[in-house]
Structures are given as structure tokens and as C-alpha cells.
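Labels for the chains are A, B, C, D, E and F, by order of writing; each one numbers its residues from 1.
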């Protein structure tokens, strides 16, 4: 089971100029064959279905733990898309992904960049450990390919912040799975890096993460479990030679930006202030503080609702 | 983002007689339109896409928090399927869901009971709060319908333990969403319970959960967040009149059963003991204890791998 | 079984400026999850599968009868799309939905606004009456959401006439299903209106229909059957307080506009006049009148074919 | 638009021995590529999208009118499936199509015989008249192939009554489209009959229909419209040489069998008699007669609900 | 089994101005219901599944042989798409088919013009010979319809060269299947030509092929087999009256254009010259000539890699 | 383009006892994610889309050439399925894959073992050479996994002959792609063999192929092209240490078994002897020999049709 923490794994800029075309492209990183729903669900099912966990504990821990990080990735992809759609006009030129407006409230969908839904067909969980790890190494290769392509095709700051971060973190997972294959078979997959040959050291949006050493760290996303990832994730980074490190807790994260209502698509409603009034009454009736207890990036100290947020991003 | 805890939300029996036909039916609760992947992903996307969270904090917290519980549900459905498939012969009569053997290692798939993959089409996240809550109330209604049907169609102890638990917890979510709609609109949805008219008080496998009051409790699945669920989840239970309660932490859970290898489908390999040996060496090289650090239900004190586990469940 | 009447349920303007982008958006109301194929097929299957009809006759009649009206809705959506595509150039900028040109003859497809085909997965027909009615209430909620969004995204007169009409009629169905749930469970769903909060009284294209009281009337679409809808559809309208009324017959309807040939996509052919000549001969050989017996909106008194029609709309 | 008549186009036997495996096979005639949803939707879309109707009126009338008959065919396929599922146990051996029980209430689904949903991809409506008619001729060929195969694979009396009827009526449509192609192009398609070479004269369940001349008649399914079908549907039948005839109204039809509740799948509920009581009160409040006004085949004169029906078919 | 020949069946122009929108439209001829993957796979499966080949040898040979030609058609469609994408910017305006860039390397995909994947549902292989031949005749009719529409919608020289060629060759297949139906049933399908009424004699890009008589020739795509196609493919062409002819070998074909790297999408890599160096070493180590042995249209005598090619097409 | 040779790459036994359940399982090797349609289409699209072929000629030749062999694999899978279905009763117990009977004529379909159609989504052709080769190595790993599972689940002699052969040949492709990755990156993938750990030396049906050294040979499937595969496919076999060899032509193959008609599913017709008579006349009119020119395994010297074949396998 999981505990959920209302923080983003990495910062994204607040909404500025909307970019619905870009937001439709970023969907590939959500619902595409090589998107984050795929990495999340591949590793999740592999961990659910893992037989003989005690016997292969370091490998089970590795897959289960990376699965946990991926949840934060779909969250971040959604956040980037929602940011890019904030303020986008529902009138005028027909958007590239019309369902972001019609099925959603200017929001992310479990679809790829052509509007096709993510499907369970994208999950490979054979139960054969070497095979699954080989698959995962390849999946991360393909995912990095797609991340860089989306980086190039969508230049909105939120898309760039997203892909800059995911390129670095996806690289860690790629290394982790390569190490796991190596430990089991002896094949030196380190020689395959970087694949694709993405020069993250030249991508501006990767720099802050590289500087913090995010390309070297595998976080442990659990209060108590998955301690044996250290048995696999170690040795030198294949590109830089620096030491791979396990961080024994989750990253601190950053409060999410509270995106403003989009009343023309009824998100959360035509009249969000009425919802806010109801919410306020319910909060008080429940003995909660007058200001919302949630922590968000963009209303420091100001707990009032809706409009304030709207002002904040205006 | 999430932290993952390697515990099941509820106990399942260890593998005994395999039941591949039953396991193919239970898939409906995984990948069906009204299965747990649907509840998980509906609420997850609704929470990711929630606009004006501060203004509608109690409702955001409710949806985000229930999404977290659902992750534990897909885990439990997978565990039940895997348990039912343990020891199932890959030879002989063709299984109802052949891909549990061919695509998986006698394991759960992101598919429904007819082998069709789960799809993002099953997600409704409109951004309109009243509409999404109405949807969620209906979704839980449909999910409970399916749970009882699977209860009747699959009488394997693992299937029964699963559905007994899910019927009770799904009922809590149904009540929670009904309460949320009521708070926002005034419509008295409590009168619609039970829907479908499932007499959980007569279902043996529901009793332990009812006795512990699991039909009344909404757990808070977060170290710090989602505190405002109390503002919505309160008042009397529509069927029993007892008080609805928020539990301010996650349930304790129970260690998972470590399912034995199935070497005829290479899960985790033809020769799991070799993997165990490699794992042992890696563990030692990393300075980990000699016995696996993972906690599982079925190898108390005995950290050795593969065969031991096989013995344990034999 | 059905009798078909060659009339539209509501008037649409004749083709003027083509709007292929808008026509691709309107497809959502045809083949989307919340489109008219979905409402048609949901209610149709629910009525086909209805058990114990005599025991629950008023509810059976309600669902079966609304299913009949929905057929007219898919007809009208198709007509709007076809109108918007009339005269659209097949050369030049690639259209948003290329298959309206390639698979069709500048015409409607059983697809949504992203070109994905409608699928039977969109049908929910559980057989549980309360559950199906709850579903239908929600489905109409979602459908109204989509109708307004399409209203905003496609401003072609045909799209506006269509959505103005459908918003009003969909509202009637939403009320009808809410009433049905209330009659069975006592839950006061009237308090949920309007949902989404669509101010139909401010939408110009809704006014003619509201003025004629179309928001209050449930038509009986059958020569003899479905008489018991009056037992459910009664009481005050949740928004206006006016009396809901059953009209004991179908609406009169309006003759369809006969859309002109589009020879560049061979619809109905490169040389429609040759078809017209053959038709004329066949008609005479069969003892039919010289002018076509069909009644259409745009060739009053002039039964000759093809070119005349082309002139009429030019 | 349509008027709906609550009659079946042909009689089916009341439920007797259930046959869920057979019912799963009959689904091919509902949701398969060559099933009745396909014929219905192909002709429906072709008629909606028909350009220059006045110029090609006999052909428009033909397609639009046959579309209307097809609605009765999906109704009959559903009825046969529901009949075959009546009384089927939800416990015990896992059914071939589990979703008939889980997603439905022992009822028909918009799926094929492998449980795959019908999809809009099965619709071909090109707008080119000769092409569409050629397609329709082929579609009916394929549909007849499937009907006979289902006839052989499912020997339940309801399946046999269904396929016996559909083989005859599908043959009429096949002839009609062949005639239409001939009238337009001169190609003598009559020589292709029978295709497939199905000896309907040797199939017992076809005999009553052949004796009534149902293989020769095209009914006009409209109060006023589609009068020009006579211009196409005439001449000798390609197999028997008898005259093809247009009947200027719909067939009389037969009252549907009111299938009993299946309480183990909550269809229409666990406690159908409560629904019946509510219905009774609503009926009286609305000034309707005490006995249901609906006409069904199996409760002559006895309007009481649920149990009575159950007795009637027991 | 097959032998592959590295030649195109017809010439395409080298890349010039990129046309990604056009390339997305041409996809319909690849992965659409009536695209070349459909013709290839329909005839391939029909030939694989053909029962009693000796008894029906001329018909088996016909279908098997046309299947072989279709492989060359999907090759040519891919080549046209790749040509049109060469040099297309991955930055800037979002492309109509984003997956040509993200999933591919500016390259063809097994998708239609709306980005939907080709599916096995598009294959009809009933085993009934007359039915399959009728289907194939219709399929070629639909395919020709789509080819002309793509001709009109995509005016890039590669698209025009492609469709000009395919219109002529598809016409031959349409005639071949019509002849086969005629031989078996006596129905005079020749009267249905041309269908759709496409005036190939007025389409400039068809002229070179018509002049070479390509509309009359059925090639035999096999060293030894399929000799009995002459028994079916004979008689006069339905439009021109000229004699249909069997050519007893495959067409000579033309060397493919070697398309240059697209390094911004890593195709074949960021640094293709490194691959070329490795390739060169491997070639020499294997005793191959210094210049590549492959024959391509655009590097006459110059076997060096990457850059040269880039220059050649610049 | 291709030349087709009417030979199977390996022998299959003639039909004996039918095994429709087994035939439904073997479908996974046809239309499953890791089936032969996937390997065929992955390599085909990668070769079509290959940029800078001259620069990377050995790698292009490798992929293009293996694609050619895969065509023979789908042919063989179809043949095995058709063999297993020959003589299967269409009446009685409902078959696991009903569409093999209803959509086909007791024949193979482009579907997987759960009846789901193959889809273009299964193709990965990124254009990045290292990535595509990594993918292909993994794809062959997964394919071998599935082949062995099908081997175990379907024990019909045709299934066993098929999988015995494919395991050996798939192994060659797996080695080939591993070598290619090694040549480009230096990573020693040979250490990953065998993966999955399949002991082909203990599988009886692999032995004849191993004895002939089929695990070491890469055939060149082209009259003139793909000569540079020798630059990649060389060195020792990773499991046996024997030398990998390129055979400079295609394998000889074996004449296909001519499967008898199945008149109850109209394949090729109800009355195949009539088709044979027509064929005979056409053959003579075309100046062909009296006996069919096709070479099949099971009618040595006897060119007469239908019945003879029926006798031969009776």
C-alpha cells in the first residue's frame, strides 16, 4: 500500500502563457507506450507479481521502489500539462487535443500525444526476472528517447522543466536496471550508455538537477521497506564515473502550485467561490482551522480560496 | 508523490488449491471498467487535475486520499490472482485466461475477465467537482455490483477474502462520495443505500471487517496531508446509523505472503536458487544482514530463499 | 422494432460557410464516451435487457422511450456535421479529422473529436434498475457538460443550433432519470440541478426551444407503447418549478435539408446527374410520380435532382 | 427520427434450459464485424450522410428503410441471448463470456463472440453510392456466413429460431443491395446467389418464414416515407424466380416475452417485488390502469409483476 | 516464405521540401482500413488459410501472388512518408502526427491518417472462396477511393508519385478479383468499372504507368510458383478493352533512395558518422568491399556514408 | 519488394486429431505482442524507415534480412493452427476461439491467444539504431519465452513441431541482435544467454534442427541483396561456442501440406468439387497442364482436387 505526500518531486513554473499544442505533445509522456503511466504500471505489476521475493530480495526491492518513484512522475507530467493549459481559450482555433477541454477541464488525460488512451497492453510483466529487467532497461531507453523529443517539440517553460527533470531521473532508472542485469548475468551494459546519446550536460534544464547530483541518487520511497536496493545500485555512473548512491528516504519535494479555476470549462465549477464558501463552512464545522490546511506553492500564508489563487497567477 | 509500504491492506490466505478459472474471473476487479485500476486512476487523475484546491480543500483531500487507498486495492487484487494461480498446471486443459501464463508468470495482468486490457478510456475526470463526485458515487456503485458478482462466481478462499474486504471498503468510498455530493448540493443520497442492495451483513467474509468497524472508517493515507477529509466524511452511516469516523493514519496492514517460484513459467527463473545465491552475495557485499530484510507472512525467521518458501507453502 | 420518419427533430440551417475544424469537434457529440451514440446505445441495451418489464413497467417504458428519442439525436448530430462539411475543400490545409474526407464523403463518422471510434465499452447496462438509472442520470450530466463545451468550441451556426437543441432535450432526460431514481429510492436528486451549472436561459440558441416549453416535455415516441412514462415523468421542473408534461406522441419534426453532392469526394459519385437519370427511369418504371416522393427542406416543388439542389444551397 | 414499437419482428421461444456457452456464441451476431450492430450502423450512417437524396431517392429510400429493419434485428439478437441466459447459474463453472454476468444481468452486450466490443471501425459509409452498395452486398454476404455458422454452433431453440429468421431476412437485404448495384451498373449480381451457398430450404427453422414468403418481401418501415424502394426492389428472386415484393408497412410483429428477474445478478434488483410495488403505486397515482399497459407474450390478462412472471416461465 | 529484393516497385522523387502534414495524411494508405497493410494482410491470411489449394489452384495462385505484390506497396508507402518527413523540423508548430517524430525517427508508422494503429480486425479471411473474392473486389474498390482522396489532399511530389502508381496497380488487382468472381459465378462484374469513377487517364502521375501498360499486367512475384494466375487473369480490360497480360516475373524495380540521417530525432543516431566508421571496420573485417555493397538511387559509385548522403540530397 | 516461394521453412505433420483449444493457444505466436506478426512488422518497419543505409549497411542488411525470414514464420504459425483445426467439429462444445470458426474457415486469425487482434501498437521502430537493436534483442527474448510456454501448453504434434523449430530460429535472431549491439557499443550481451534459460538441447522437437546446425545459421533471404550481414553475424555461439555462419541463400524449404476442405464452414465452399471443376476448365483454357502445377506435400503425382485430398488425410 502507499502513503501519499502532497508534494511534487520537482518544481514547475506557475502558469504563464498557455500552450495547448505543447500540452497535447506532452501527453506522450503520460499515456504513450513509453510514457510514465507505462513505467509506473510495468514496475508496479512486476512488483505485485514478483515470486520468491525473499530469495531475490535486492531485485524485488529495486523494482518495487522505482515503481514508487514513477507515481511522482505521472503526477509531475499531469502538473505540467495542466499548467500549460491554464488560461487556454476554449473558443477559437480548435485545439490539437480537444478532449483536454471536452473530457477534461483543461487538464491531463490518460492518453498519448495523438489522443489514444493508455492501455494495459503496454505492460510487460513476465515474471522472469532477467527478462523483466532487460525489458525495463529497454523501456527506460525508449522513455528517454521520448523525453528528449518532447523537450525539443514543446518549448513551454513547464514542459522544459518537466523534461529536464525526467531526463535525469529516467537516466538513474536506466542505470539501475542495467546494473541489475549485470549483477545477474555479467553482461556489461554500462558500455551502452548513454542510449540514446542524449547530452544531458548540455541541456540547460538538466543542470540544476545534475548539480544536485540527482543523476547519481536512488531514493528509497518507503518509511521502512526496500532497504536492499543498495545491493544493486552501486558502483560508478557509466557516463561520469561518479559513485552511485542510495538516499535512504524520499526527496523532500516541493508544494504543488494550486492552479486557478477555469470557469469556462466548469473546473471546478462555473462559480468556484460558492464551492469555497461551502468548503469554508464544512471546515469550520469540522473544527479545522479557518485557512485551508493544505500547503501549496502559491498562497503563502493566505488561506483564502479561489479568487486569491486567481490573483496570484494573474 | 508516494511512499510505498510493503504490506497488504488485508490478509489473504496462502496458496492452496490453484483455481485458474477463478483467477481469470477476478481479473474483472483488476482491469474491468469498474475494477480497481479504474477507481485508482479515476481518483488519481481527478486529484492531479484538481483546480482551486485551496478553495475546495476538503473535497480535494477526499479524492486524493481515496486514490491512495485504491493503490492498495489493486495490490490486493493482484495478490489474490497470483495466489489462485500458484501451482496451476501450465499443461493440460487450456486456461480461460491463457495470457496469465503466457504473458505473465501465472500472474495478474492489467486486463478484465475477458482478457481485454484496461484502458485510459475508463477514466472520467471532468474537472467539474459536482460532476466528478456524482461519477465517483456511481463508479463505486458499479464496482460493488461487480465485487459481489465475482464473489459469487469465484469461490476460491483468496477470491472470497478479497471480495469480502473490498465490498466493505468500497462501501466506505461510496458513502464518502455520496456525502460529498450532499454537502455540495443538498441532495440526500443516503437514501440510495445500499446500492446495489448487497447484504454485507450476511456475507461471511465481510464479517471480520464489519466487526472491526471497517465500514465506518476512512483512513488518512498520508504522513501529513489530506487532513480536511473530516469536513466531508462525517455523520451517520446510511445503513447502520453508526458514526462515520476518520482514522488519522493508514491501517497497519499485514505482511504479504511470499509466493513461491513457478519454474515451469520461469518465474522468477528456471533456477531460482541461482538468483538467490547471487542475491545473497550482493546482499553481503552491500553490508546487509545475511537474512533478507523484507518482512513476509510466511518465512518467520528463515531468510533463505526459493526452496524454503516453496516448502513453507507446500 | 422501429418505424423511421424522415424528419429531423429540430431545424438546422442549410450549409453556408464550411467549417471542417468545427465539424471535427462536433464528432465528440456523436462518438464520444458522452456522445449521442452512447446515450442511444446505453438506453437501447438497457431496454432490450430489461427483466420483469411488467413488474417495473413505468421504468421500462421510460428507458425504452428515451432510447427512441436518442436515435433522432444521432441523426441530428450527423446532419450538423454534414452541413458543416458541405463545400469544405479537400485540397489545401490538412483537415483536423482527415477521415471525414477519406473514409467518408465529407460526412459524419462514428468517432469522437479525436477520431477514435465509438465502442461498445461505452455501454453500461447492468440490469440492476437503480444502478442503471443512477448511471443514466450521470451519463446525461456528462453529456450536457460536453454539449456546452462543444457549443463554446464550435461557433458554426449548425453546431450552435444543434447544441442549443440538445442542451434542452438532454436536460429533460436528466430530469427524467433523476425523477426515476427518486421514485425508487426517495433520494432528492432535484437538488443537484443544474449540473453542470449551465445557464440555458442565457444561451441564445436554447431560447426558441425553451419558449416552446421543450425543457418540460417528454414525448412518447411510439404509436401505441410506453404509456406508463407518465407515472415517472411528472412534478415540477427542478430549475423553473413548471410542470413536467408528457406529450402523447412524437414531435412533428422538420424535413431534412437535402445536402448537395460533393463530387470531389465522389459523394454520391463523380457524376451525380447520371445517378439521377437512372433513378428517374427506375421511378417511372415503378409507377412512381415523376418528382421524388421524399420531402426535404430545400427544394419546394422542384423534384429534379443534383444540380437543382446544388443551386438551391449555393 | 423513429417511433418504437414494442414488438419483436419474429417469435422466439420462452426461456427453458439455459445455455450460457451458446449465448456467448450468439454475441457474434450482435457485436461482431458482420453482426447486426454493424448492419444497423452501416446503413444508418450511410442514410444520415446521403447527399443528393432527391436525385437518388430510390437508393436513399432503400438504404434508410433497411436500416430501420436492422434495429429490430439487434433487438431480436438481444432477446435470444437474454432467453438463453435466463436461469443460468452464476456460480460453478466459469462462463465463456463472464461479462454477460458481471457487466450485465445475464444479458446481451455490445460485444462479439470473443467478448470484444463492437466498434465504429466496423462502419463503412463512403458516400460513394456504388461503393456503399457494393459494400452492403458484401456485408450481407458475410453476415449470412456468420448466421449459418452460429446456427451450427448454437443449437439452443432460441438461437435456432433467431438464426432461422435472420438467414431469411438477411437474404432479402442481400438481394436488395444486389439489385441496387445492378440498376446502377448493369452488372448481373443475381448470378452470385446464393452466397455463401446456404440451402435455406433445408434448414428447418427457415421453413415457417419461407412459407410465409418472407424471403421475397421488403417491408416499408415508416408511416409515410421511403416509398421509392419499389423502384429498386423488384424482379425475380435469384434463387427461386418468384417475384420480389414490397409490403407497404411494417410487419405486425409479436409481443416480446417478459423475461423473469434474475435476482442473483440483481436484475432488476435483489427484491423485484418491491420495485413492482413502487411501480404499482406510481401507476395508480398517474391514473393508469391497475394492470400494466404493456403487452407481453407471457402474461395474458395477468398484470401482476415479478413472481407471476417467474411462475409463468418456470 | 519470401525472398526480399532491395528495390522499390516504382520510382519516388528524392526528398525536397518536407511536408509533415501531407505525410500524416498518406498514413491512411499505410494503416487505414483500406490501406496497403490491409490489402497485404487480407490476401496473406487468405492464402495461408486456403484449403484445397490443388483443387482451386488458379484462385489460390491469384490471391497468394497479389499478396506478394502488396508487400512492395507498403514499402512504397513507407518510402513516400519518409521522404516527405525528411528535413521536417521537430521544433516549432506541433505536427499533425506527432508520433512520426516521437515514436519514429521522422518515419512511417503502422497507423492511419488519424494516428490509430492498424489492427487485425481489418482482415477478412473467411475461407469461403467466393466470399473472399467478393470481399477483395470490394476492398480494392475502397482502396482506390482512398488513394484518390489522398492524391487530392497531399500534393507533395512523393505523395503524388506514390498515389499515381498505386491507383494503376490497385486497379489491376480490382480487375483480377472481379475476373475471379466472374469465373466462379458468371456475374459480369466488368460492368462495375471504374469504381469509384476515377479517371486515371486524366491524372498526370498515372500516365507513365499507363503508357508502360502497367494497368494491364499482372506480374508473377515468384521464382517458380503461382503459374496458374493466367487461368484467371485474362480477357479484355473493362475500361480500355486491351488484353490483360501476365508477366512471368517480377518487375525490375528501382533502387531505393537512401534517405539521410535526421540527427535531431537520433535517426540513426546523434552521430551517424560514428556508426559509419564502425560499419566500415566491420565490413573490412568480414572481407567485404570497402564501399557498401548495397545499391541505392542516390550515391552512384560513392560508398561513403552519412554526410555524403546528406550532401547528395541537400 | 518480395518474391514469394510456396514452401514452408520447416516441415509440419499432416492433420490428424484436431485440437481447437490448442489452436487457440498457438494464436499467441501469431498475433500476440511477442508473436511472429510483431517480429515481422517490427523489423519490416525498421528496415523501411532505415536512414543512412549506406553508412550503416551491415546493420540495415541484418534487420531487413531477418524481416524476410519472419514472413516465413507467420506462414508456419498459420499452417500449424490450420492443421490443428482441420476436422474440428463446428458443433458441440463451444470452441475457445470461436472466431477461428465464425470469422475464419477453421483457420488462423491475426489475433492472440485471447482473441484480441494484433495491432500496430506492437511495432517499435524509433529510427535510433542502438535503441532499435536493443529492442529487437529484448523482443526475441520475449518471443522465446512465449514460444516455450506455448510448447508446454499445446502438445499437438503440429504445435510441437512449430515451436521446436521457432525456438531454434528465434534463438538465432536473438544472437544476431545481441551481436549487433555488441559491435556498436562493446557491451557483452553474449553473457545474457540463454534468456530465458530454455534448454533447447533437452526439447525433443528442437533436436532435428540443432543437428542440422540451424541454431548457427543466418540465411540470406534475397537473390542479390543483404550481403553485409556477414559483418555482424559472426563469432562463437554464446551457448555452444560453435561458429556462427551465414548461408548465402534461403533454406530449401518443404512443400506445404494441402489441407482438405471443411465444408461445414464453407472453406473453400459447400461444394469444393464444383470449384475444382471450374478450376480445371480454366486451367485447360489457359493452356496449363491438366494437373495443378502447384507442389504440395500430400498429393504426390495426383493432381486431382478436393476429394483426393480429403481421402489423403482421412
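Definition applied: a contact is a pair of C-beta atoms (placed from the backbone, for glycine too) under 8 Å apart; a residue touches a chain by one contact, two chains touch by 3 or more.
These figures come from a predicted structure and were not determined experimentally.
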| item | value |
| --- | --- |
| Result of counting contacting C-beta pairs for C-D and A-F, higher pair | C-D |
| C-alpha-based rotation, chain B on chain F, 0 to 180 degrees, nearest 5 | 120 |
| Same-residue or different-residue interface between chain A and chain B, half as cut-off | same |
| Distance from chain F to chain D - Cα centre to Cα centre, in angstrom | 41 |
| Distance from the mean Cα position of chain E to that of chain B, given in whole angstrom | 49 |
| Junction residues of chain A - those touching two or more other chains | 33, 103, 114-116, 119, 121, 124, 126, 128, 130-131, 145, 196, 265-266, 269 |
| Chain contact topology (line, ring, star, complete or other) | other |
| Chains grouped in pairs wherever the two touch, ordered by label | A-B, A-C, A-E, A-F, B-C, B-D, B-F, C-D, C-E, D-E, D-F, E-F |
| Residues on chain D engaged by chain B in the complex (per definition of touch) | 90-91, 93-95, 97-99, 101-103, 114-116, 264-266, 269-271 |
| Partner chain A, residues of chain F touching it in the complex | 33, 119, 121-122, 124, 126, 128, 130-131, 134-135, 137-138, 141-142, 145, 181, 185-192, 195-196 |
| Chain E-touching residues of chain F, taken from the complex the two chains share | 1-9, 31, 37, 41, 44-45, 48-61, 64-65, 67-69, 71-72, 74-75, 78-79, 82, 103-111, 117-121, 123-131, 183-184, 221-228, 230-232, 234, 250-251, 253, 256, 258-262, 265-269, 272-273, 275-276, 278-279, 282-283, 285-288, 292-296, 299, 303-306, 308-309 |
| List of chain A residues in touch with chain E within their complex | 21-22, 24-25, 28, 32-34, 96, 112-116, 145-146, 148-150, 152-155, 196-199 |
